[in-house]
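What follows is one structure encoded as structure tokens, with my remarks underneath.
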Amino acid sequence: MTDTANLEALRSEVRSFLEAEKPTDWRDASRTQEDFVQTQRDWFARLVQAGYAIPHWPKEFPGGGRSLAEQKVIYEELAKADCPRLLLSFVSTYHAFATLHECASEAQKAQYMPRILEGETWCQGFSEPGAGSDLAALKCKAVREVRDGQEVYVVNGQKIWSTMAQFADMCLLLVRTSSEGVKQAGITYLLMDMKTPGVSVSPIHQIQGDEEFAEIFLDNVVIPVEQRVGEEGKGWAVAQATLASERGLTLMELSYRMRGALSRVASLIREHGREQDRGVLRDFGALVNEVDAVCAIADQFLDNRIKGLERIGDASIVKNSYSRALRAYSKLGVRLGGIDEQYVKPITFGDLNTGNWMADFMNSYAWSIAGGSEEVQRNIIAERMLEMPREPKNWVL
Amino acid sequence: MIELNELTDAAQKAFPADKLSPARDASWELTAEMGWMMVRLPEDDGGLGLDREASTAIHFEMGRVLSCAPLIPAQLGLQAVIASQTLAERADWLERLSAGEYAPLHMLPANVDVAADGTVSGTVGGVLEGDMAVAVVAKLPTGYALIPTDAEGVELIERPVWDPSRRLFDLVLTGYAPDPALMLSDAEGAAALHDILGPEAHLALAADCLGGATAALALTVEYLGMRKQFDRPLAMFQALKHRVADMKIRITTAEALLWSRARDPQAARLQIAGLKALATDVYQFVTEEMIQLHGGIGLTEEHQCHLFMKRAMLNLQLCGSLDWLNERVGAEALAALS
Amino acid sequence: MIELNELTDAAQKAFPADKLSPARDASWELTAEMGWMMVRLPEDDGGLGLDREASTAIHFEMGRVLSCAPLIPAQLGLQAVIASQTLAERADWLERLSAGEYAPLHMLPANVDVAADGTVSGTVGGVLEGDMAVAVVAKLPTGYALIPTDAEGVELIERPVWDPSRRLFDLVLTGYAPDPALMLSDAEGAAALHDILGPEAHLALAADCLGGATAALALTVEYLGMRKQFDRPLAMFQALKHRVADMKIRITTAEALLWSRARDPQAARLQIAGLKALATDVYQFVTEEMIQLHGGIGLTEEHQCHLFMKRAMLNLQLCGSLDWLNERVGAEALAALS
Amino acid sequence: MTDTANLEALRSEVRSFLEAEKPTDWRDASRTQEDFVQTQRDWFARLVQAGYAIPHWPKEFPGGGRSLAEQKVIYEELAKADCPRLLLSFVSTYHAFATLHECASEAQKAQYMPRILEGETWCQGFSEPGAGSDLAALKCKAVREVRDGQEVYVVNGQKIWSTMAQFADMCLLLVRTSSEGVKQAGITYLLMDMKTPGVSVSPIHQIQGDEEFAEIFLDNVVIPVEQRVGEEGKGWAVAQATLASERGLTLMELSYRMRGALSRVASLIREHGREQDRGVLRDFGALVNEVDAVCAIADQFLDNRIKGLERIGDASIVKNSYSRALRAYSKLGVRLGGIDEQYVKPITFGDLNTGNWMADFMNSYAWSIAGGSEEVQRNIIAERMLEMPREPKNWVL
């Protein structure tokens, strides 16, 4: 079979599966964080079973060994079928997997990878309150000691913006083992069990009512040296593997979901009797065009990745265009909905275009701030794609 | 005569900038103590007889601290009573209201029907802090009416809103028989009363917006000066400085229009409606920038950014949305410029 | 088969980036020599039989250099002839046109009436470089027609435009009797032909816009790197860098849609109309930023900035304005998403 | 009489004059640069005669001695009556006047001030091709020599963006007499006769067809030392007096003119049958509000100046808001006019809102670029009003 035929066969297969199995009531079943987590666990387990949960893993794992082109087909279909996004298992199957796969010891791999498929979830302990976009400025301190004859790190500090850490079993943790030299040096990468004494987690109340993120407080947390990935002080390089683990599929998936969700805007226009309002039709038309373009750039980005043609900055463009369109989409909803949208409605945890327009609107800021703010992306585009000069390092007040 | 800056100074002292959204009931008491319900009451009625500029200055300051006390609907309710030609016990009501009893004007449309027997059923929208109200000033098809909240066939139902600095209620009428002694106008007089109250509402909301936007800008500048990234304060990054400058430009320009309209007793109804449209637009712009420039912290409930944004979003809808007002301003300007 | 990058390379070689708006007549000759009129001509008709992507690539490159040669209307005219079911001497015309005779499709509305005797009077708008034309492909009420420019009752009247890279003419008909042998369709067939030509026109114009925007961005980046103010290159100022980054983001995203539509033979008519709307919007945005970021020099005729802006502004109006297209896209999406 | 009554009396007086005297055909009479110049000369002469041309001059000049409040009344009425703006004499009556009045010798004052009222026009030779917003970086070189027993400066260099220099009799010229020390030092201020040998002027062709500005080329131009204003090397301080000469009246006048010109947009809406297009009505409404706000801020700025309350940055805000509104105004015109606006129409020289929408649109960039670009204004607002840190001087690539 040709590649194309293979892909189309896969597409039919996924479609058939989804037609039979896809959850339809998941939004109503995700009105609380706990219900959302349960919905996520169930759907992840079903996808693992069906072989669609970890297409990017090696082929020794059931459902693994898929090409990026095949992964794209699977995600496209999941998006078009409007299934729940795999948010809870996202860090486990992408970030934890990539870190383990590329940098961990065989013992670590053997210990953790199968458990991910059984539903163990991970969180990421990278960001810190003072660091923000400047990740390398992290301060969470680990001191190496011998306790009960065992070499351990004793960790103190605080992490923030850790996705669903309140439900996580394990954590990908960046700590500072030295403050000598450039700030990237002296960073060490640990795998931390969230049940270790001294770990406490506090969910972050987001302005739209979601609790997607949490803070992690580390108070004399003892982590065996065996839980380190890579060498001491070389954690920055390992973190790059973690961060590079997923770039492309999510934005493609989200863009297709936004295109699907344009029907919500159409419903709103009709509900509010604006079908004859030419200004509204123009604004809607412009939004349709913009969302189409975002789908196209997300597609193109993935296609380039598949062909090995990705350049620095490409991902920044996709992310920026997506967040711009999401903003326009949700703002139009808030505007057209009028006063109705100012009354609080039940939110859907973990979804971006729910038709609860104020929630969606506020949530859209997560995309222009988190994971490298729009401002940082613009710097990357200007300096690394367009080769404009960087700001000098010595430029300090 | 009381000078404007005395009012402003007193307001800033009573409601300091570092205490956002102070508790509602205590604020309301303080508001009454400050005599702010007397500000627009004519001297003949025992008030201070000050003009729009004075009330605008107070609403601006209350916007700045995201006040939860419903001074705007209260003042509008009072003005409806002041302007009423038909209210039986007008003097009595004026005394009660200026002493702090709360009879707000509703700030969203009423959708009510009058039955053959004269009873009224339906919903009067946008009653702010309805739980505090002894009566609501409502625009009924038969004219403006004071509707006691404890009357038969009258119910206040809370409609929770995103803006945590406000509580919004629907006044639900079910076969309510309006008390003729409590009518503020008849059906014909309602238009004239509406022409008085509409500009007052728009001016007050515009002041609330621009006071809030001013505070949002100050907090943003402060945050950028304090927060460091890549070893320097965010305030040193030119791209952010330019965005903050744009916030300043838009706020200052809209504020110039605010005071110009507040001082001009001849300002036309739609000129003030246009001001409200502009001010809400600026407030939304400023709060969006505030969130973005605060980064992650701005997305958390513990930080104050979202309070400004949610208030801006609700203000956009009260007493006419941006779309609605701009369309009317445009249509009227088109007709006038023939 | 010719690869896309061969076409692009050849175009860039023939029309180098540092020669903007090369002289029209020489460019047109070169265009014919390059065989670009053969690109979309089916192999059965002696052409290369390439698809939309190929012509899009060429239009993109011509947009990049602000080409004065009217390749877009020429290609559209040729496609009208290709698609014609009724043209008597179709093969002959195809040969003439692919060899470089110029019979453009008009790109603005026709406003013509048909008299009882079948003669036609009125104005066919938007004939680009009409002085070069042997005939014009015009949409008449009776169908698409090839109208020889030297026929009786036919006159071309120049309508000078701001865009110096183009000359625009009205085709004025005064009792012109259409030659039945030169009809490209009847009235019924006109809609089908329109559905073929519309998307082709929109795709070509979108390519012209995004090619131009790409060049405008490159020139802006170059200028900012070279121009010093306050002892450092403008390119070091973060506020300017962020604006340039936004230009890049918008161009790249719109370009992704361009190629996606160009490669998709199933793309719906309004999907391509939406692309044209988006591309023109981006082009205007980019040229406005280009002017502002160039400062004073951008306001002088001797600098090239204005050439891009004026072309962007004209492109916005050709084959449907931004307002018109967005409204139609919105209306159709609304109907489709019921 | 009270101040208010005085002002209202002046207002009636100006109105009566304008009703009787104001030119009505000036736009059609300004289709070429030469006709425009003639119109300007005629109108200036009439206003001098009437006593309204130089209200800001001292009272020993006829029509002078007016308070800023009175000046505002006069300009308001000129704007409302839609008279020609006094463009040609602007540099003479403001910049040259202020410089002479505040910094020049008695001999210089006696020589030049009366001639301004007789119609002598001045231009400003400040900007240079390489300098732009960084005025102090100017390079035009003056060498002091003795020629024919007379002490003179011999000047070589080039000036740009000199308003109507092609018609000017005299020039306010900044030259560099020394390259020692900070760049502001070493600048000297000269009064140059434009007929001096070696001076050549070349009008700048603007993209909308106007020729409001010119380049001045200086080739061994000999200027007697007596033509210097202030000391050698102290020209920067004199230049500040020149630049401070007019800030406020012009923007107030222009804002009122834009408000008057809203009727052009209304006509356009009707001509194109968009009266029922709700989106267009909203856009028009938003523009009306914005223009009203610009009038208010321009008024407020002037009122504050009158009261001595002007703060640094105030002028930047007014200028930025004006140019923003002018852009919105002219863009709406271009958009509503559709293809009609792409056909070239005769321009009106020296006017900003002529209803030739493309010309007006392009001209609007003069306001966001010239006289301190929008970007420079934003720096001033951020750094000097909001007290955000300045960029370090040592920050060089």
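In this document, chain identifiers A, B, C and D correspond to the written order of the chains, with residue numbering beginning at 1 in each.
Rule of thumb we're sticking to: a residue touches a chain if its C-beta (ideal position, glycine included) is under 8 Å from a C-beta of that chain, and two chains touch if they have at least 3 such contacts.
In this text the structure is predicted, and so the values were computed from the model without any measurement.
Undergrad: When the contacting C-beta pairs are counted for B-D and for C-D, which pair yields the higher total?
TA: B-D
Undergrad: Work out the mean Cα position per chain and let me know which chain is farthest from chain B.
TA: When every chain centre is compared against chain B, the largest gap points to C.
Undergrad: Taking each chain's centre as the mean of its CA atoms, how far is chain C from chain D in angstrom?
TA: Between these chains, centre-to-centre, one finds 40 Å.
Undergrad: Between chain B and chain C, what is the gap in Å from one C-alpha centre to the other?
TA: Taking the average C-alpha coordinate of chain B and of chain C, the gap between them is 52 Å.
Undergrad: Please compute the C-alpha centroid of chain A, do the same for chain D, then give the distance between them in whole Å.
TA: From the centre of chain A to the centre of chain D is 54 Å.
Undergrad: Which parts of chain D, given as residue numbers and ranges, touch two or more other chains?
TA: 278, 280, 282-283, 375, 378, 389, 391, 395-397
Undergrad: Residues of chain B that contact two or more other chains, please.
TA: Counting only residues that touch two or more other chains, chain B contributes 233, 236-239, 241-242, 323.
Undergrad: Looking at which chains touch which, would you call it a line, ring, star, complete or other?
TA: Shape of the chain contacts: complete, all pairs touching.
Undergrad: Along chain D, where are the residues that touch chain A in the complex?
TA: Per the stated touch rule, the residues are 277-280, 282-283, 389, 391-392, 395-397.
Undergrad: Looking at the complex, which residues from chain B come into contact with chain A?
TA: 108, 125-126, 159-163, 168, 227-233, 236-237, 239-240, 291-292, 295-296, 298-302, 305-306, 309-310, 313-314, 317, 321-323
Undergrad: Touching chain D in the complex: which residues of chain B?
TA: Those in contact with chain D are residues 221, 224-225, 233, 235-236, 238, 241-242, 244-246, 248-250, 252-254, 256-257, 259-261, 271, 274-275, 277-278, 281, 323, 325-331, 333-334, 337-338.
Undergrad: Provide the residue numbers of chain B that touch chain C in the complex, in ascending order.
TA: Touch residues, chain B against chain C: 237-239, 241-242.
Undergrad: What residues of chain D sit close enough to touch chain B in their complex?
TA: 262-263, 266-267, 269-270, 275, 278, 280-286, 288-290, 292-294, 296-297, 299-300, 317, 320-321, 324, 375, 377-379, 381-383, 385-389, 391
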